[in-house]
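Two complexes are shown next, each including chain A; its partner changes from chain B in the first to chain C in the second.
Let's turn to the complex of A and B:
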């Protein structure tokens, strides 16, 4: 799967998995996933880790990895691609 | 000096609408909010309920987006009612900050939890999600209201079945008279869910048709949902800040039947003690009472025990005391019932309208001498009224409410 298709899937997972009142296409590529932009909190973070691990078969074992992976949609796409390449 | 408990703000959400004016209009017109059940599918004897309309007005309280996204219906009802009540009472941020909050709840966000279970069983979700469980604790509506409105004082949630929010009002009144709080938000909120609907139906406690309290052909209750909030305040404090005193909470009493898990005591022994205690606390003679907002669930057992209690306490004067069941209009809202009916009673005192018992065609033959205010509300000048709530397990609460200056 190329990065563009993966990006679309990640945004769909965010919007539908967390039941956001946002269209996937309205989620920006480069802003932080957590923080003010999408209105997500620590409970959403717990759930998003599980959703991403299940959907993309990757592992987010600790906070440090999570911080890098969830820095933005683009960072999450890169993280999934690099995990899959290992 | 003894402190007096004033009601300075009201808010309500029910099948009759999303604010106090809608409730008052519905009471006067005799509207019945009980209609075919739409919220979920139920296969059983009954299929009607008093649902809060979808187009319920929102609230403009500040909550972060993540919390807002996860609110249950019970949370949203409580927020809308609390917002209305705080505006009505003119409570600014500093008054809310020091307020206490007492709430009644029986199932809180159970319906959202049921939905999560249904999605899991249907394969729509692969696992239970923690966010769908956060509305489950009975303390959640109170937590959401205090967070949204910035209420930092003492807080508690009572779960005494159908008297829960009446007990919350009583706890608030006691906190004020004992000087523990000057302003209290008394909250009752519950939503329809499969657990209660199927449970009451399995007990054969639901009338297949809209309930008919006090009718000779009554067959049970109709479930409802909603919320009500009363702002209670030390009357001196209310006067000093120029707040409008809408009514006084003049007396309160509670008791336990210790009799059966669902049935009331056949002679209403516990309910009678609650009523007598409420009159005694308020030093209100029975002959001063001009209206009874009854528990009036519409089950054969309840109505019979309740009329027996009223006959014992009010004696030969009872035919002169109008008695009605607001549950005939808004259904039995379980934990919210006590607070919703307290609001209806304050509306009766303040606006001079006796709330009706709708759907009543022919009362029990032995009760033909009594005035159940059938069909529609009736204009009447009232000074003192009582409102009673009884819950499964024999939890009874009675409140005495009075027009300011009446006692």
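Let's turn to the complex of A and C:
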């Protein structure tokens, strides 16, 4: 899967999985997923960890990895691609 | 949540309160897994497993030390296969004691008790939570002790671990409440297990005098409280401790 298609899937997962009141296409590529931006907090992140692990078969074992992976939609796409390349 | 068909993991389930709890879940129709840590407890675990299966329940026993992250990961893999998925109910019951007065307590005795009794609950909870958050449901029940609330001379390591587990219960309850997961504790008082049989007659008499209900508890009475907290009826309870102790604590 190329980065563009993956980016679309990630945004769909964010919008539906976390029940955002936002269309997938309205989710910005570069703003932080948690904190400001989408109005999500670190506890919502737990659910995203589970959703991302399940859907993309990657492992986000702790907060250090999570912080990196969830820095932005682009970062998450890069994270998934690099985990898959391993 | 009817307990029939639920996947349950009881840590430290080969004997005592853990075995009674595993059996009560099996009798309620749950699929029950438990672990035991030491090779010499293998026969006891086999007997408990046979008792669980006699109820018609799906049951599985794994040998694993809950204080090791790797051992917990493989135990949960084993349970996932044996029970048909990650546990929907986790009972953190595994515990060890190594008593001694603090000033003279060997560092290894401190570490071991904290690792099994407190870190073990952390390691097991963090694995099962992934399944519970995905399901947006789940129950965690931690076995604590009156020592967590009163302290206990000669058992500062045990009391500290159990006090820590009470605080973990409350903190985790807050963290996962929005996912429909509840986290509670059961604090058994003096229960008729091996530990009590080993006491002197005088010590037993003194303890019974301190307990308003005037007797030792039965393992099944502790199990009943754990099953209640795991049930649908307990859906509005989280972060709390049920003191099943004959009135010893009254908190």
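The working rule: the second predicted complex is superposed on the first by the 86 of 86 C-alpha atoms of A that agree within 3 Å, B and C clash if a C-alpha of one lies under 4 Å from a C-alpha of the other, contacts with A are read in each partner's own complex, and residues count from 1 in each chain.
Everything below uses one rule, namely that contacts are C-beta pairs under 8 Å (C-beta built on N, C-alpha and C of every residue); 3 or more make two chains touch, one makes a residue touch a chain.
Quantities reported herein were computed from a predicted structural model and do not represent experimental measurements.
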Between chain B and chain C, more extensive residue contact with chain A: B
Contacts of A:5 with chain B and chain C, given as first, second, both or neither: neither
Contacts of A:20 with chain B and chain C, given as first, second, both or neither: first
Partner chain in contact with A:47 - chain B first, chain C second, else both or neither: both
Common interface residues of chain A - those touching chain B in one complex and chain C in the other: 43, 46-47, 50, 54
Residues on chain B engaged by chain A in the complex (per definition of touch): 64-67, 69-70, 126-127, 129-131, 134
Residues of chain C defined as touching chain A within the complex: 129-130, 133-134, 175-176, 178-179
Touch list for chain A against partner chain C, complex: 43, 46-47, 49-51, 53-54
Residue ranges of chain A touching chain B (in the complex, touch as defined): 18-21, 39-41, 43-44, 46-47, 50, 54
